[in-house]
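Read through the structures below before going on.
Look at the two complexes coming up: chain A is in both, with chain B in one and chain C in the other.
And now, the complex of A and B:
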């Protein structure tokens, strides 16, 4: 719980710092990119002792279940369901999947508060 | 462990982003200030159900023992014992103490790796 709060508070500070200092249209990509790099490193760490995933479905299950719940523990709360606060988790998922060999675009959309839906579009190499 | 890694990786990204984009002499104060605000909020959360502290010594014990160990769990590792990485924890301590009514200056110094010594100078109102 302490760690969780530590991450949440730092995340809020980063969002607020960026929106104060960077051009507004750059903030979301910067946050998404930070999320990407963090997700990439986390996936590396989480899977270092796991056996190889069977296929994409197996990877997706890992991301939705183990990865997400160990990172966030609970549902994203409604304070953070706006685009400022969704850029980082989108990047986090994209980075984790990249580390596991899946190249994708991740977007988030809020239909019914406080739930949030992430959409993952897998990019297949031609 | 997942949360811990999440915080650590985000912290590394923030440090690296700042040193890439902000003037070098501003990075340390920015990080210290983020730490301050995070520490302030954390102290608020950690103590909301505690009884009032008896005196300064009591507060210091709380910071050194409960607060620090619930935040960092372990000693700061040697990858982070340089000034870039110490600004945030210095601010964190300063913010937590400010929340508990103690105004101070916190500095850090590395004498024997990987240990790091924090010095807290309490500022008494005249």
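And now, the complex of A and C:
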């Protein structure tokens, strides 16, 4: 699909542009925050037609199924393995969850080459 | 336009943030718009109650539309909550019999669509007061009055 390629190219360009212009250590937070804002908006749009979520499990199911397939068309096996490319998706997840009322820390790691593991740590406020 | 058939539509439309502070509130031109602010404020307790009661009744559809929150002598207050806990409140006059549940539903649907489009604008900071003119136009369309 064409829109998939567009997002892929734009994402690649954003990452390489940032690494060319900004300081090395600032890039990751910038990308993460961009993802946060996008995830925040997307959560608003994608949940428009679904029924109200019952609990956290409901929300996580939504993120894994509907949200992820909407953004990446399939399970996340097409991500680049370099860590710098993972800051944006991490922010994406964090933003979406924050808007749905779950504050968390998202980290990603790559153990076996084509696969990527996202770890979501939910912060309990009470 | 449907507005011509219905002599009056909503008298007050409000958008409340997830932290329960107002993002947007619009009333018909009146001397005491504070009365509506008060009505909307009171309705938030009912919204909260409805959200928290989820799962306690077994055949619960968990719709975004919450239905009639409470009627007063002169007004009826309807509520709607998004999955991101943004609340929409619409106040209509009790004397207005042309507005049935279905019309109210459509109204909220429109409001939700306008809100989502507004949030997806990258120049809007989430949590700020809503100043979008497109959004305002949608709301004004709901409050159209032509007798």
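As a working rule, the second predicted complex is superposed on the first by the 121 of 126 C-alpha atoms of A that agree within 3 Å, B and C clash if a C-alpha of one lies under 4 Å from a C-alpha of the other, contacts with A are read in each partner's own complex, and residues count from 1 in each chain.
We adopt the following convention: a contact is a pair of C-beta atoms (placed from the backbone, for glycine too) under 8 Å apart; a residue touches a chain by one contact, two chains touch by 3 or more.
These numbers come from a predicted model, not from an experiment.
Asker: Could you say whether A:37 touches chain B, chain C, both of them, or neither, answering first, second, both or neither?
Answerer: In the superposed model, A:37 contacts both chain B and chain C.
Asker: Go through the superposed model and pick first if A:70 touches only chain B, second if only chain C, both, or neither.
Answerer: Once the two structures are laid over each other on A, A:70 reaches chain B alone.
Asker: So, does A:100 touch the first partner chain B, the second partner chain C, both, or neither?
Answerer: second
Asker: After the superposition on A, what does A:14 contact: first (chain B), second (chain C), both or neither?
Answerer: It touches chain B, and chain C stays clear.
Asker: Please work out whether A:48 is in contact with chain B alone, chain C alone, both, or neither, and reply first, second, both or neither.
Answerer: Only chain C is touched by A:48; chain B is not.
Asker: Which partner does A:4 reach: the first (chain B), the second (chain C), both, or neither?
Answerer: first
Asker: Tell me which partner touches more residues of chain A in the superposed arrangement, chain B or chain C.
Answerer: It is B that touches the greater number of chain A residues.
Asker: Across the two complexes, what residues of chain A are contacted by chain B and by chain C?
Answerer: Common to the two interfaces on chain A: residues 37, 41, 45.
Asker: What part of chain C is in contact with chain A in the complex they form?
Answerer: Within the complex, chain C contacts chain A at residues 18, 51, 54-55, 61-64, 81-85, 112-113, 115-116, 119-120, 122, 126.
Asker: Which chain A residues qualify as touching chain C in the complex?
Answerer: 37, 40-41, 43-45, 47-48, 50-54, 99-101
Asker: Quick one: in the complex, what on chain B touches chain A?
Answerer: 2-7, 9-11, 13-14, 17, 21-22, 30, 34, 37-38, 41-42, 45-46, 70-71, 73
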